[in-house]
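You will see two complexes here that share chain A, one where it goes with chain B and one where it goes with chain C.
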Partner chain A sequence: MESNKRGWTTQWAGIAVLALFALLPLVKTSDYQLTVANNVLLWAVFAMSFNMLFGVTGMLSFGQALYFGFGAYSVGLFAYYQGTWWFLPALFLGMAGSGILALLIGPLVLRLTGVYFTMLTLAFAQLGWGIVVKWYDFTNGDDGIQGIMPPAALSNKVVYYYFCLVLVSVSVWFLWRISRSPFGLMLRCIRQNPSRVRFLGRRVKRNQLRIYVISAVFTALAGGLMAGVDNSVHTGMWYWTTSGEVILMSILGGMGQFFGPFVGAAIMILIEDMVGARTEFWSMVIGIVMLTMVILLPKGVVGELVQLKERLFKRSSALGV
Partner chain B sequence: MQRNSWSVFLAVVVALAVLPSHVWAQEKVIKIGAIYPMTGRAGLYGMDSVAAMEMAMEEINAKGGVAGYKLDALSTDSKVKPDYSVRIAKRYIEEDKVHFLFGVVSSGVGLAVTEVSKQYKKIFIGTDHAATELTVDNFQPYYFRVSNNTFQSMAAGAIYLKELQAQKPWKRIAYIGPDYAYGHSQWNELRYCLDRLGVQYEVAGEHWPKLAQPDYTPFITTIMKDKPDILVSGFWGGDTVAFIKQAIPYGLLKNVLYFHPDAGGNYELMSSMGDELPDGLVLSARHHNNWPDTELNRKFVGDFFKRTGRYPSYAAEGAYAGVYAIAYAVEKVGNPDDADALVKALEGMKLKLPEDPEGFTSYMDPDTHQIVQMQAIGVTMPNADFPPAKKMLGNWKIYKAEDLLPPKEYIEMKRKK
Partner chain C sequence: MEPVLVVDGIEKSFGGLKVTDKVSFSMFPGDLTAIIGPNGAGKTTLFNILTGHLAPDAGSIRFEGKEIAGARTQDIVTMGMGRAFQITSIFPEETVLDNVRVACLSKLREATVFIRPISAHKRATDRAYQILESLGLEKFSDRRAFELSHGDQKLLDIGIALALEPKLLLLDEPTSGMSPEERLLTRELIKKLWSLFNLTLLFIEHDMDMVFGIALKVLVLQQGALLVEGTPEEIRSNPEVITAYLGEEL
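Let's turn to the complex of A and B:
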């Protein structure tokens, strides 16, 4: 009953946020705000799909940049070699390819748990980064690929923004449904007690692999759409720091909350943007914010707000996520 | 109530996103949007560039500005991240309404920013990144570079090696450089230039450490085993210092001629190695503090020292030149708003810069938008005029600017690709 109410609140909050994002093109004072909002949306999808592994299933993957880069480079390479017309097919091919890649890598990394799992995901991601950096003739190496334009119908900034918003909304809705489904419940059980799940006759690895693949597919979507925002892709998208950023976003926003990573992504990007515009000590500000969060608000922004609300209204804490 | 508290919080988050980050109210200002790394390993290049940029702007503003305009600049740390730099460039153009994009140390960032410049038709003045791609393969009309690219350095290097062969026959040549585009293009361009000059040589190994590699020992021992006559190096920044420091105990630099014509002669190397720097290394860079010995160069180096308390690395002169290039173009056109007229003006630019020796004036090549400059290659020798450095370059060999440009067929071949 309690959990259900929480579900409705979260759902309405999500709809309200997406509605606000939808209104942005009408109230914006410059196109730059669209770029920032688009960045927030795409990083949010990336962080939320990462959190399906981390916050929900308890698998700390340090290699999600592999799928982000894969999605971005699918779009980049197809647009570069085959032309703009391939932008959309490449976006979906990138998602499919990413899913297949996750299906191949998944069974290898899922053999291990805990920190070994984390290190192995990192190793595979760095392998991908290494290949992209070294394979000049095909990927342009460290120079990256420039001039990636969305097809004519999407070339208008506002149109592309709405295109991203629709895909992001669908993704968020889909992840939300997973999170609330029996499958989502199974994933949370796996996080809390994998042995018990096994005793109950359910397969831990198979469910972990499922969510690993799903997460990879949405991560690739975020990467592919990002290629259209920046009109360029570069090897940094594959690098471990990119994987690290979504971890920070999830912790900042609250990994125990469905919308935590979304809020975390928004805060990180806004801090980076506003502080970066005024001082080169942006990293110190992010550091102080992180430190404060970890020490004072260990549940993340959204987690703490939910708790505050519960304390104010004397409600008992619910299951979370 | 529940919904309300949620929506209020989220409204605040979104409202933050919507707020414009800068409000400008001045009139008659030429606004420059500078993008430089200000932190990390490349931070010194950025700090020197920004200091020199501000110095040039103050000089021009003190004389009353250009065509009734004062110069003003914004500067943001690029973090050497292309995606973040793209966002900075878009912010500069859409929110801050800058007239020029400016700067960039990393060629990877440069390539991403030139794409923004092309889309928005805003002139991008490249001051320090050297990859030839920007003026050849990825050329676009709103991009101009005011410092030498790797092709020019390597062309000068190839002539130097050819002359050297006549005096002291050498045959075996090895290369070590960072394993990314900047490192690879130097080696390709050097071999292209050597072949074009008809120099006979034998490659005795190519070595590709990664950027900022902490330990070069395995490379050093392999090079010693291969016994090349000449070791060409394509490092930049801290990597040069680290490699030379590690090579000294092995005696590598005694047996092999260390040859580093693009970024090796950066003052950063001299200042951080002091007495330890071996004599006889053959180096060059895009600007030298002790060459040419002209009034303009002495003044530039002296003023920079007065301003910052340190002597400039080569990045500084690029930024200084960039500001003067902007002033030149706005002076010609009369306003900073007509980008196409500014492009025309820059294409015909002739500008006397600190790195121009007597009798030569830097000029813009209208086909590639690459500045055409002379290149001097020197040899390390004792010279304590620029402390903390104890050694500086000397025994200069000077190469004519026209001999260093990529030939037409090279440009066509690259642009076709």
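Let's turn to the complex of A and C:
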């Protein structure tokens, strides 16, 4: 009846990609490769929940590291002080805590718009980073926390990988449903024309706060699961470069596309991994890739592909093919 | 009959400039009223005050019996005031259907539901198609809104306002920027929508054919104040109005 076709394509592409990730451990992958794949999955969730703010609602938060670090350290600190048994409860406590934190900080940062909003989110995240670095007695400061083990049932690398894959799939599914729902439409409308949204009788800031909280919860999930991948947490997870990384991933993959940030995360992690193994100047390669993308393919990898497909399709239909 | 809107002595100044000067009028259900006046007469400002975009310095506005002067836009809209804009205000990257559907969802209080896909919201979808049909835009329903012509975008803007089923609909220059043919069509269309949806309509317009062609009542603003109010015939022969328009033949 209506333009559901594109929706279906995206949905099947997503299912296919996640199925591919599910097959990875079966085709004889080393522990290291599995860790890289897990990194891609978790960063993808982080980047996608960030993009719900940025690409969908038009809120450029430069402080998502706050919730990533919060999720990671919830797991890290509980496992460190209370033992491995606390790994899973801490994961969910971290998500809940992150949501509450976002509910408290959200109304403050949402008072401002545009670049002022961005700066304020950065300020709050740096505040969190400062606390974690300085509070040595509790957080181990710059030393971080090592030896964080998932509970016995998940201690096998492959099992933990599948555990992450399931939670990642559920998260992606949930965010996908949001973006196809009336709420998702409302968020896109807020990005394009917030003053008209008020003339629909809807509150712009309240809806922005809703997605800010949802984004924080899934960001904390990614952070918490990451603690189990690296078996450690470190203060860098709270640092502004971590916030910056998901911005780059979203732009690289295409902020206007649901799976753009997923693809962006995969590309960034693979570049880091493959180029990083050969030279310490891998960040230069990322710089060059970003530069090329922004100048030549501003819609990002997925965005440009979709446009290419639309153009080809339109031309062939115009020719009556 | 109870009035829908009672405006009583509202005033607004920007610095030393009085842009709205003791304006009073009423709107009754089924009214089809035009506001005319030279540029800078305060027509759009009046709309901005009515819809809560600006707070008046003095005076009262009673909408459906409730005081709304200084209330928030979203609350006034929820009470049933709709508005379309002089400078087209739509959601350019969404489809034409979704532009109207988001308003239908909003009216049905389903706009912030998540998990259930938009297409599963049948009532809002049917209603959106119905409104697009009444505007003659249904053939574009799958297009992105920015692909529409200027005139069709203006109609879509009206469609978004209509979808909220307003008890009072404000149209700010519905034909501005349109070609003469489009104007003629829009004039007929607005008259049709007015009777089809039983609207109470207040519109600002510069196109005199439209004003005298369809309005049942005309308000003339000049320098922020209400100069006269009356039927189109009374306005046409009013010497003050003729002077205000510098002897232009109306």
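Points to keep in mind about this one:
Here is the rule we use: the second predicted complex is superposed on the first by the 309 of 321 C-alpha atoms of A that agree within 3 Å, B and C clash if a C-alpha of one lies under 4 Å from a C-alpha of the other, contacts with A are read in each partner's own complex, and residues count from 1 in each chain.
The working rule: contacts are C-beta pairs under 8 Å (C-beta built on N, C-alpha and C of every residue); 3 or more make two chains touch, one makes a residue touch a chain.
What you see is a predicted model, and the numbers here were worked out from it, not measured in a lab.
Partners chain B and chain C fit side by side in the overlay (superposition on chain A). By the touch criterion stated above, A:N231 is placed in contact with chain B alone, chain C being left untouched.
When both complexes are overlaid on chain A, the residue A:R203 reaches chain C alone and has no touch with chain B. Once the two complexes are laid over each other on the shared chain, residue contacts for A:M290 go to neither chain B nor chain C. Look at A:L60: by the touch rule set out above, it reaches neither chain B nor chain C. By the touch criterion stated above, A:L127 is placed in contact with neither chain B nor chain C. Contact with chain B, but none with chain C, is seen for A:T29 once the two complexes are overlaid on the shared chain.
With chain A used for the fit, chain A forms the apex of an angle whose arms reach the C-alpha centres of chain B and chain C; rounded to a multiple of 10, it measures 140°. Of all C-alpha pairs spanning chain B and chain C in the superposed arrangement, the closest lie 19 Å apart. No residue of chain A contacts both chain B in one complex and chain C in the other. Within the complex, the chain A residues that touch chain C are 1-4, 174, 177-178, 180-186, 188-189, 192-193, 195-196, 198-203, 207, 210.
Those residues of chain A whose C-beta lies close enough to touch chain B in the complex are 9, 12-13, 16-17, 20-21, 24, 27-33, 35-37, 39-40, 133-134, 136, 140-144, 146-147, 226, 230-232, 234-237, 263, 266-267, 270, 272-274, 276-277, 280, 282-283, 305, 309.
Across the complex, chain A is touched by residues 2-3, 5-7, 9-11, 13-14, 16-18, 20-22, 38-39, 74, 76-77, 79, 81-84, 86-88, 90-91, 93-95, 107-108, 111-112, 114-116, 118-119, 131, 133, 138, 179-182, 184 of chain B. For chain C in complex with chain A, the residues that touch the partner chain are 51, 73-75, 77-78, 82-83, 85, 89-95, 97-98, 101-103, 105-107, 110-119, 121, 124, 141-142, 160-161, 164.
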